[in-house]
Amino acid sequence: MNLTLLMYLIPSLFMFGCGVYGFITRKNMIAIMISLELMLNSVDINFVVFNRYLFPGQLDGMFFTLFAIAIAAAETALALAIVINIFRATKNVDIQQILKLKF
Amino acid sequence: MPLSYTIAVIAIPLFMFLFLGLAGVKMSRKLTGVLGVLGMAVTTVIAYGVALTYFFGTGQGQIADGVRQAVTVFNPDWLSFTDTLVVRMGILLDPIAAMMLIVVCTVSFMVHLYSLGYMSDHDGNPEEGFQRYYAFLALFTFSMLGLVVATNLFQIFVFFEMVGVSSYLLIGFYYSSPAANHASKKAFIVTRLADLFFLLGIMILSYYTGTFDFNQLVFGSNGANDMAVAQSAIASAGGATFLGCSVTAWALTFIFIGGAGKSAMYPLHIWLPDAMEGPTPVSALIHAATMVVAGVFLVARLFPLYVIEQGAMEIICVVGAFTAFYAAAIACVQSDIKRALAFSTISQIAFMMTSLAVSSADGALIEIHGGTGLGYMASMFHLFTHAMFKALLFLCAGAIIHAVHSNENDKMHGLHKFMPITSIAFLIGCLAIAGIPPFAGFWSKDEILVAAYHKGFFWGLWMSMVAGMTAFYMFRIYFLIFFWKKHEVHTHHAPKDQPWTMTLPLIILAAVSVVAGFVPAHDLVTWNGHHLHTQLDWTVAGSSVAIALVGILLAYKLYFKENDLPERMKNAASGLWTAAYHRFYMDELYQFITHKVIFQGICVPIAWFDRHIIDGFFNMLANATGSASFAIRRLQSGSVQSYVYIYLVGALALAAVTMVCVLI
Amino acid sequence: MEIFSNPLIYFVIIPMLTLLGLAFCNNRGIRAIRTVAVVGAVALVALAVYLVCLFLQARGAGDTSEMILQSKVTWYAPFNIELALGVDGVSVVMILLSAFIVFAGVFASWKMDPLPRQFFLWFFLLSTGVFGFFISIDLFTMFMFYEVALIPMYLLIGVWGSGNKNYSAMKLTLMLMGGSAFLMLGLIGIYFHSSADGNLTMNILDIAHNDAIPHQWQMYLFPLTFVGFGVLGAMFPFHTWSPDGHASAPTAVSMLHAGVLMKLGGYGCFRIAIYLMPYAASELAWIFLTLTGISIVYGAFSACVQTDLKYINAYSSVSHCGMVLFAILMFNTTAMTGAVLQMLSHGLMTALFFALIGMIYGRTHTRDIRDMGGMMHIMPYLGVGYVLAGLASLGLPGLSGFAAEMTIFFGSFENADLFRRVLTIIGASSIVITAVYILRVVAKLLFGEVQDEHHRTLTDASWEERLSTATLIVSVAIIGCFPNFFVNIISDSFLPVVNALKDYFPVAGL
Amino acid sequence: MDYSQFLLMPQELGLLLVFLLVFIYDTFMPQRSQDKLPLFTTILFALFTIYSFVPCQMGHAFGGMFEANPATWVMKNILNLGVLLVLLQSIKWSNSDHVAVRRGEFFELLLLTLLGMYLMISSRHFLLFVIGLETASLPIAALAAFEKKYYESREAAAKYIFTAVFSSAIFMLGISFVYGMSGSLYFTDIATSIIGHKSALLIAAVAFVIAGVGFKLSLVPFHLWTADVYQGAPTAVTSYLSVISKGAAAFSFLVILVQVFGSAYADVWEWMLYALIVLTITLGNLFAVRQRNLKRFLAFSSISQAGYIMLGIIAVNTTGMASMMYYILVYIFSNLAAFGVIGVIERATGKVSMDDYNGLFRTNPWLAFTMMLAMFSLGGIPPFAGFFSKFFIFVGACQQGSVAIYVLVLIALVNTIISLYYYLLVVKAMFLRQDDCAIPYIDSHWTEELGLTVSVFGIILLGVASGVYAQFDAISESVKNIFALI
């Protein structure tokens, strides 16, 4: 039982780690958005797994996941719009180019 | 209340000061001068009234069973430190106070009168600052009178400060001249240093005896100095000691230092010669007759305490004797007549101090230390006579200076023909101070020598020698001024006797100097108010007169006619001569200590420390903040990824550290 | 509200009304502004005199309560913060002093330019704070007024000052605020230990009577409060704001600051730090005695080498204010009375000094004594005033300084322990150093030859300047001639403090 | 289900109504009357603000997901006041032609985010909380990007959205841990089920939750987005961001930490918060010292202010809660006064640098005066409200009693000196400096003047009038059961 729980949890945490790593290392904003999605989804997996294995009697986790997905979608849409904006201005989507505001 | 009108003696000068000081600028100079003289005249009359009533009047409660009482006229609270320790400002009359009233008022009046002429140019127009001058004179008179009638130690201290300030103002009267400026500063600061010790002395004494009041310190139930009271006052210290000496001895020594500062005892004498920068009448009033004897007066006030604390008394004795000789030696070579007179003043005051000091030990003091207190009487007597003839001498000097516009005696020579009255007055003064009978000085100085011989042969001999030197240097000055060689006239008009305003005081004082010796001092100003039986001790008197004559003859030989003897003597002992001429380099020593040690060695480093270390520290804090804020700006690098990275590290560190702290 | 029947509250209301009046005479010209300011100042003086009469009457009528004219309204119930008023002898004389200096300050800044209206606005805001501090006996209210009094200094110095004013203003404000930061923590700590039985209070008298602050906490809180106030009292080594601040401040501000604001420090030190925490006070006294003893001689010595008139007086203030704190720490009625006398005396004579310096500076445009001389010829009135101020400060009998210093020295000497006595003697030795630097300045500035020929054309004081300085000179002389009048007002006020200290500190009486 | 529960959320419904009306106006009104929209919105919102002061029914709704209690009620009203001021100050700006076309969206998004904050404040269930959080934070990105023609605006938006999403991911990870431990997302259930827990999982969860909310509060080290976004975003948005969302986040932070993790206060999050407070106050000040751009400067000042607000949370007592709400109110007024002045000057001259303000007092005395009051209030100078709020929050913290907290307060106090320094820098620029090319006289729009006047009165009166705080104290007393677990 626990084994199977871990079998779900460890990949999800790994996924989260990948997301973080991608966020910190990738230049392209689109790639960064993808890694953000990875992080959010790993969280969703957590919820689902906890719900399914630890508290099978109820559906909080599941519902949370549904909402989380919706929120993620909204975030992506917004982020994409802004990235396009940036692209219009600078003709690239390199996150290390947007350094005008600092110090 | 008997003698309650004494208040007028204090009040009138104070009023004159305020009035002349505030309204003076609006009035003409002459008017202020006249008003000042009038005011002083009134004061003098009242003061004589008071003193004579005290001495000879009856039914004023001042003589009880043959003893002259100290009469406290009134004594209101001024400043209460605690319920018991209260500073009062009052008026106390006892023999010496009454005598000082006479001295101060006489001399002051003379000087007021004299200044009318002295402070004017040859056409009799008063010079600039005339109002200020008379205001300050009034202020000084007020302070001095307040000092002599003080009812308690603290009041004396208060008026010590006041006379100090008025002397400061008067020395610096010609405030444009740097020399006067410097002299006034010096006078004030040196006496202030002495007053610091005076203050400490009062602190200690009042802490242990719990009072400032003479009535509880020295005056007995019968209102005169009383050994028993002094004993109990000392005893109330409970034998407390500090560094081996009893605290009261410390206190009295400190108090003496305070007096020594005012009375220019060695080594605190250095301010007095410079003080001659002031107008000469001022020197006559303050630095010859009145203020400089405040120290003697102070010691005399606490006489019984000193008698008990013999240690302090010994110090006074040694300092006094040494100063007498030291100053006399310097006086022998000074060329500036005012400075020469100043040193003779120092020497004479030292006489009084010594005489006070020796008096406790003369004979075998009968009651406790017993004795007749001859020296005490002599000292007060000499104070009186000296005030008269030294004022006379100074006023003469002033007349001469006013005539020839110089202090140097080589500008004078042979003035006898031009200024006969002045010359005679000066001669009388010299005879008086040299101690030639029947002039005033003889009587008082003779008593002093007797008292000194009572203490011991050495002391007597020493003082007699100084007396001889006195005769010598006084007549040296006299001959150099009035004879030596013919006076060559190089000013546009020849020197002559001065107007009556200046001559009259000379005549009066000369007369006084002749007769003052016959005042029955042994009846009036004895230490315990009893009549004191004295008879002239011919051995002492004769010897002293002989010595004086020798001195005079020597001076005559050397200085009456122009010759090269003095020159040769000078060359013979040139080193000694130069040292004496430069007052044995005391001023240079002080200069070194104040400028090099204190200013360069303490003040400047402290100021630097303040600006650079302490202030620097606070500025450093500010700069540190600034540089810290500059150092951390890299965090705000502008790159989202680094932001997120720091974010993540922060969150994980938060978790990790807490885990380590909580779980392990 | 019954509190408005208490005359004390008007010490705050009058300046506020003056503020309003100034705010309304927007562009009606300098005349209106001056009128409002003078009216306000005169009203304050009148009220202060009336207060003294009330106090004497109350004491004469045998009212021996610790504070008279007490009244309180709850302000912040959750924190037991009250608008609690009450005065004892010390605050009465302090209020009197403040009123007179505000009066003199208004006239000293008669020709203030530019922006006279704003200047007087800030000036009266400052005095609001000062009076509020002296009349209130509630920790929070006191502290609030304290800071109200501090902050206007920044603009007053920064806008109307001279010289390196930005730096000085910032330094002064930050250092004083730093002090009040410690102070605030100290007050909060006191509040939370103000009572053993849980009903906390901010009222100083109640706290003192509860006497509930644990000794351990006293050891924490006493340094916080004492240093907090000591910074304003120019205690070594926290005094360095004072020379720069005073040098840059405009005349009236220097007067008010040195004359009144620095007194808040000494007042707070004994009213809050020592009165509320006697145990720690007696335990830690030696530290602060040493510091204040240092600042007495230290300030005097530093003053000897300065050449800027205002620096000289700033350092002499360090010395004199050091004497105030020094005397307060001597823990006996005499010395503490002397401290208050010294506050009065120092306040008046320093205000006088700064007024005169400002007037001289306004004419010569230099404050460097090396460039000046013979001023006595040129401006006799100012010269005489300066000499009088100098004599007062070096302790001439008949002027205020003497009585104050003597009371301090004799009071301090009442303590039998050698440590305090040695410090006393060291402190007493400062009277000589004071004489040195005062006479140095007087000789250089007023006497001697005129250094700069342009100075010969300068004029003497104008009428408002004469009025301003004469007020101060007369008050100095009055204190100096009749010290006992003030001593009788002051001295009883210290009995509670001394009694509180008795348990921990053996007061050697005479 | 029973619809009467909606009666428990009158404020939310009212806000929704306002939103819909504005939306309808924006969509269907003819073009020529569009420029009345901002005024329309403002008036509408003003009415709503007044209405929402009407005491409403308290209780739980939707199975305890939503709670209306006096504290939430008063908190929402505080936010309303702030938003009203923001609206007042943005009217003139939103009619300036480069944003005029989209002005409708500005107000709609603004109102939506406010709704999100309402939900954050009232939610007692993490699902609702996350929804509220996201509703409150996502539109901000769009608002930040509002001034399209400025590149800074876009960059700010990008930085905001990425960091925001990242932090919400972390936050939800933390919640997932909590869920894993307790099996529920109800605050109360979680609280009861983790009593006595000291597992690594709990600690990680708490740390992530703190990080997630700390992002919105911009606590150091989760603050780095703040300065850039504040600088880039339009001033109206910046002011909104700096006060309103901060206030809402702070309150919900208090609720979460105290109500959910209350049992873990002593051994888990007291020290986390301690460290964060010290870092936040100190670094915020240090950053602020060097700033010349006023918006960036206020960003850092608001960071250190957040640190002071946290003092009210670490106190974990009703005094702390009351003084925190009071602090937020005062902070709203002071900061909005400052931003109002900046906004006016930026709109008129486009200048936001401190050096441009030299000699402002000579040309625009009232603007300078308002700015000075704001700075004094932020710096905690009596008799202005900021002094009282600072003092009270310190008292609240010290009431917790431990010496450690006294030390914390001392650190905070020492920091007030630094903060005073940089606040005085602004005053210095305006009053002490002389400048020949100072900003000429600006005649500001009456709405802006109204906004500034209101905030000035707030600054002056809030402290002196003790009734306000007394109210807060009573309210936080009435909800003190949330401190049950401490």
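Of note:
As written, the chains take the letters A, B, C and D, and residue 1 is the first residue of each chain.
What we mean here is this: a contact is a pair of C-beta atoms (placed from the backbone, for glycine too) under 8 Å apart; a residue touches a chain by one contact, two chains touch by 3 or more.
Keep in mind that what you see is a predicted model, and the values were worked out from it rather than measured.
The interface with the greater count of contacting C-beta pairs, when A-B is set against B-C, is B-C. The distance from the centre of chain A to the centre of chain B, each centre being the mean of the chain's C-alpha atoms, comes to 98 Å.
With centres defined as mean CA coordinates, chain C is found 37 Å away from chain B. Centres computed as Cα averages put chain A at a distance of 65 Å from chain C.
Remark: chain B and chain D have CA centroids separated by 78 Å (rounded to whole angstrom). The multi-chain contact residues of chain C, meaning those touching 2 or more other chains, are 174. In chain A, the positions touching at least two other chains are 23, 95, 98, 100-102. Within chain D, residues 158-159, 162, 166, 227-228 each touch two or more of the remaining chains. Listed by chain label, the pairs that touch are A-B, A-D, B-C, B-D, C-D.
Residues 75-79, 81, 140, 144-145, 147-148, 151, 154-155, 158-159, 165-166, 169-170, 173-174, 177-178, 181-182, 184-185, 188-189, 191-192, 220 of chain C are the ones touching chain D in the complex.
Across the complex, chain B meets chain A through its residues 633, 636-641, 644-645, 648. Touching chain D in their complex are the following residues of chain A: 16, 19, 23, 29, 32, 36, 39-40, 42-43, 46-47, 50-51, 54-55, 58, 60-61, 63-64, 67-68, 71, 74-75, 78-79, 81-83, 85-86, 89-90, 95, 98, 100-102. Note for the complex: chain B touches chain C at residues 77-82, 84-85, 87, 154, 158-159, 161-162, 165, 168, 172, 175-176, 178, 181-182, 184-185, 188-189, 192-193, 196, 199-200, 203-204, 206-207, 210, 599, 602-604, 606-607, 610, 614-615, 617-618, 622. By the touch criterion given at the top, residues 158-159, 162-163, 166-167, 170, 198, 200, 203-204, 206-208, 210-211, 215, 220-222, 224-225, 227-228, 267-268, 271-272, 275-276, 283, 286-287, 289-290, 418 of chain D touch chain B in their complex.
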